[in-house]
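I've put the structures underneath this note.
Same chain, two partners: subunit A is paired with subunit B first, then with subunit C.
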Partner chain A sequence: MAAGRITKDRIARICMVLTTAAVNIVLLLVLLGLFAKSGPVLKQNNLLQLIFSSEWSPLKGQFGLFNFIFGTFTVTFLAIIISAPLCLLTAVYLSEYSSRRLLYWAKLFIDMLAGIPAVVYGVWGVLVIIPLIRDYFAPLFGKAVTGYSLLAGGIVLSIMVSPIIISVLLEIFSSIENELKESSLSLGATKWQTVKHVILKKSLSGIISAVILGTSRALGGTMAVLMVTGNVAVIPDSIFDPIYTIPSLIANNYGEMLSIPLYDSALMFAGLVLLLIILAFNIASRLMLLKYRREV
Partner chain B sequence: MEVLDFMKKTALLVLFIFIMSLIACRPAQKHENDSALNGRLIISGAWALYPLAVSWAEEFKEIHPGVKIEISAGGAGKGMADVLSGLVDLAMVSREIYPQEIEQGAFFIPVAVDAVVPTVNHGNPVLGVLKEKGMKKDIFLRLWIKGEKLDWGLIYGQGTVGEINIYTRSDACGAAATFAAFLDKMQEDLQGTGIYGDPGMVTAVRDDRLGIGYNNINFVYDKDTRCPVEGVDVIPVDLNENGILDESENFYSTLDLMVNAVSEGRYPAPPARELYFVSKGKPPEGLAKEFLIYVLAQGQQLNLEAGYVSISEDKIKLALDKLR
Partner chain C sequence: MDKRKLEERIFLCLMRISAGLVFTALLAITGTIFVKGFNSLSISMLTQVPKGGYYLGKEGGILNAIVGSLLIGILSTLLALALALPITFYINIYRRGRSKFAYYTRFSLDVLTGVPSIVYGLYGFLILRFLGIRASLLGGVFAVAMLILPLMCRTIDEVIRLVPKDLLDTAYSLGSTRLETIIHVLLRQISGGIVMAVMIAFGRGIGDAASVLFTAGFSDYIPTSLLQPAATLPLAIFFQLQSPLPEVQERAYASAFILTMIILIISIMVRMLGKKFSRNVIR
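And now, the complex of A and B:
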């Protein structure tokens, strides 16, 4: 009987080791796969030219990704500019000012927000944000536009990344010792002074890492962004102009173009570039969090 | 306790499998010995042909109850890649076949015709004159290829009423490829704000008073009313370029008139287009070949109801010869 129990334990252990290994190997396999598939286009084109050329006409053999990379970064940047301050204020309020009950309900709603599928955000963007920009925002600046724009992508994306940023921030704020807050308050500081001089100061690197985590989420946002940004591969003049992101490029063309070898390869290369950018951001966020934990 | 639990789970699993198999087998068991044909046919490809392919498959399965047909839509290129790599038996393709694909063994048979039409918002400021005069190909070229910023009013010699907002498809698709072919170009040459999918294009044009776009006729016309969907209108093309829409050029008000014009060749191809089934190499005797023969014969009667045009007699004959 006892031997059976121990065998069971061993088997369970081996299974779990194997699944853990499999999960970790996947990333490596994805990288290798993308790299192998990018081979043909890398062989025929200069790497720098692929990344820095703006000329994208695949059927003529031109695979410049610059406008897509630029579009990906600008829409992400805009999303973070919009969402970071909002998330920070929300998280400060929820963790320092609000009642426990409100915190509970707000957390519930934020979690639900995180669970909404991207395509629903996309449809909502088309039905609500696009007309809003076309009929109200853009005319304020004297522009007649379609509404499918960098701004629309930024707004939709900022809402999509907010839940993750807020929940990371809440966690970080809750890890600050109560003694610290109490001693600040007992010295006569107001709540706002405590927030400003103790909480925000103490958790600065944590806040940065939360924002970077949100950024890496936003970089890969596909479906919703695809539906509202207008997908024109140019460098935009203003936030009311359309843009084209790497995830949209892949989603738009992958299904249709599998049968043309070099096109396929160029799309895989775009995927590789995107993955490397996101990995870089993830590692940066990880390092920041490590630094934060050491400081606390 | 543990054993009991295990038994319960097993019983549930068996019950589940039993029910699933009942559901899956029911149609096949109705009349098993009516035909000798059986097996499984797997089809994937263009959204444009998907609804019609489903109708064909339904009818074919009624004739040959031993047959199972699985159809999935995922884009013409995906279907093409699937069929060339041997994953599926037939691909649905809604654009011309590229030479690279023929080199790899793509064998194609036309099975239906549909059309792509330019569309505008129902509240367009010059809708009246637009319907009276139609639009010349040159204007389409200036808009979609040269990317010129034109005013709706100025095209028709009126004052400025608002700049045209040009929409195009962002996803690589048969509709865009066909519309570009009408302008002697490729999809990647089309300018304009890129919208995802046929339904997205309908929404974009329906919501933008100054917008112009293009759609498969199946997405523009309502199957029940046979008229363009609410809020969207079709732009008549001034085919003979005489500056006025003649009686013979005026067939855009209902789906049936439109389908008629396409089948008689009064609406040119492109933007009318053939939809294809593609196999890897000529299909051998068997299910795929039988299905193609059915589609070219009886199957064609389903086309009109589903909003497609039948292949002409000559082309059917050619296709059958090619098959045999």
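And now, the complex of A and C:
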């Protein structure tokens, strides 16, 4: 009887080891799969040409991804430039200046919004941001545009990533010991001086990693960007010009990719490039955040 | 006036402005979707599948997408749960939580959380072609399960870590094996947490468009088997919004409203359940 129980335990253990091992190699499998599928296009073109050429004409077998990589980075950069300072100031205000009640409700609201799907942010962008740019912002600079632009993508993405950035920041600020703040205040520092010299200094690496986390979210934000950036593969002259990002490229062409030779392979390669860029950001941010985890 | 005080004032003002901006933007999103969507909503949208010419502004509804999304959401959540439980049990119970292996597993789960859904979609598509299956409900379920698995694991993991070690030690000292401890002690302690993790993962899975784009396909009918293509709400929104006809665009707003409502209801339920279940837990 006792032996039966132990056998059951052993069997359960083996099943669990296998599942855990499987999840540990998923990432490797995804990378390998994408790499294997991008083999044909890598054979035809060399790597540098694929990344740095801006000639994208699948029918001629030209798959230069540069414009797409450029578009992905600029829209993400714009989004982070808009959202990082705003989120930082908001998070400091909520955690240090606001009342407990306000903090509670703000957290609740932010958590709820973090769950709203990207496609809904995209709908909002089309409904509100596009007309706003077309009718108000662009005419200020004397431009007549459709509104589907780098700027629209940047704004929508910046709003989309702000719940995650703010909630990570709040978590980091709340991990700072109260004694530290109190000793600064008791030495006669004003509240803002305490924020500047104690809180921001202590949590600097946490702030950076929160921003990088937001960046990696924005890099992969497919649907919202697809809906508002216009999807024209050129290097934009101004922020009112349309752009085309890697996720949009993949999402837009899934229908045609099997009918043109090498096209599917090129898209798999685009996916691989996107994944590698995001992984770099993500791993950097996680490594920095781990420090806080261990302390908690 | 004191320079320090002035600086304080300026920054406090800046912080108020930015907090105001962020929350206005977030409120504006919910507000717009609610007002616009609710106005364009009709009963027939909820109860009918698209009829001929639906995308040209004719009769019909998006019941196919609602059912498709719910099916994919439920099935993928179940699949992810079946994988997440063994993983979290293993790293926390069989390997005492703080081991190197547990550490690496958590790290790779965190990294997987950051992989964008379009990549999961692309990879799912690759696997489907490899297996010779076309885009279908099954494909969508697999892609979404991959997408939500890391999130679910990490949520359950956090809950298990809150369980007092003494409780588990008591079970061991009474002679139970680890499996028995998991089934009779741990599961009761974390049942509320598991329900919450399931809801959070479901909410994430049902709203994701990029992962089902290649894998689930789209159809005007309610799928009757796992191998048929299934429509999903996020994609229905996307396709309807691309139409040049205002009537069809209105339907995109209404669909966005439906999707947002489903997700908000889940989010509120998570909170309520969290409170309810935490009553019976030994701390």
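Following the convention adopted for this analysis, the second predicted complex is superposed on the first by the 269 of 296 C-alpha atoms of A that agree within 3 Å, B and C clash if a C-alpha of one lies under 4 Å from a C-alpha of the other, contacts with A are read in each partner's own complex, and residues count from 1 in each chain.
Note that in this section a contact is a pair of C-beta atoms (placed from the backbone, for glycine too) under 8 Å apart; a residue touches a chain by one contact, two chains touch by 3 or more.
Here the structure is a predicted model, which means the values were calculated and not measured.
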Regarding the shared-chain residue A:Gly39, is it in contact with subunit B (first), subunit C (second), both, or neither? neither
On the A-aligned overlay, A:Pro139 touches which partner chain: subunit B = first, subunit C = second, or both, or neither? neither
Of subunit B and subunit C, which one contacts the greater number of residues in subunit A? C
Thinking of the overlay built on chain A, is A:Pro131 touched by subunit B (first), by subunit C (second), by both, or by neither? first
Could you say whether A:Tyr148 touches subunit B, subunit C, both of them, or neither, answering first, second, both or neither? first
Let me test your reading of the model: by the given contact rule, A:Asn253 touches which partner, first (subunit B), second (subunit C), both or neither? first
First (subunit B), second (subunit C), both or neither: which does A:Gly61 touch? neither
Taking the superposition on A as described, I'd like to know which of subunit B and subunit C A:Met227 touches: first, second, both or neither. both
Which partner does A:Tyr244 contact after superposing on A: first (subunit B), second (subunit C), both, neither? first
Show me the subunit A residues, by the header's touch rule, that subunit B contacts in one structure and subunit C contacts in the other. 126-127, 226-227, 251
Subunit A partner contacts - residues on subunit B that touch it in the complex: 74-78, 80-81, 84, 98, 100-101, 104, 162-163, 165, 167, 170-173, 186, 188-189, 191-196, 200, 203-204, 207-208, 210-211
Subunit C - residues contacting subunit A, complex: 4-5, 7-8, 11-12, 14-16, 18-19, 21-23, 25-26, 28-30, 32-33, 36, 83, 86-87, 89-91, 94, 101, 104-105, 107-112, 114-120, 122-123, 125-127, 146, 149-150, 153, 177-180, 182, 200, 203-204, 206-210, 213-214, 234, 237-238, 241, 252-253, 256, 259-260, 263-264, 266-267, 271
Which residues of subunit A touch subunit B in the complex? 56-59, 126-127, 130-131, 134, 144-148, 226-227, 230-232, 242, 244, 248, 251-253, 255-261
Inside the complex, what are the residues of subunit A that reach subunit C? 5-6, 8-9, 12-13, 15-17, 19-20, 22-24, 26-27, 30, 33-34, 37, 85-87, 89-90, 92-94, 97-98, 106, 108-113, 115-124, 126-128, 159, 162-163, 166, 190-193, 195, 213, 216-217, 219-223, 226-227, 247, 250-251, 254, 267-268, 271, 274-275, 278-279, 281-283, 286, 290
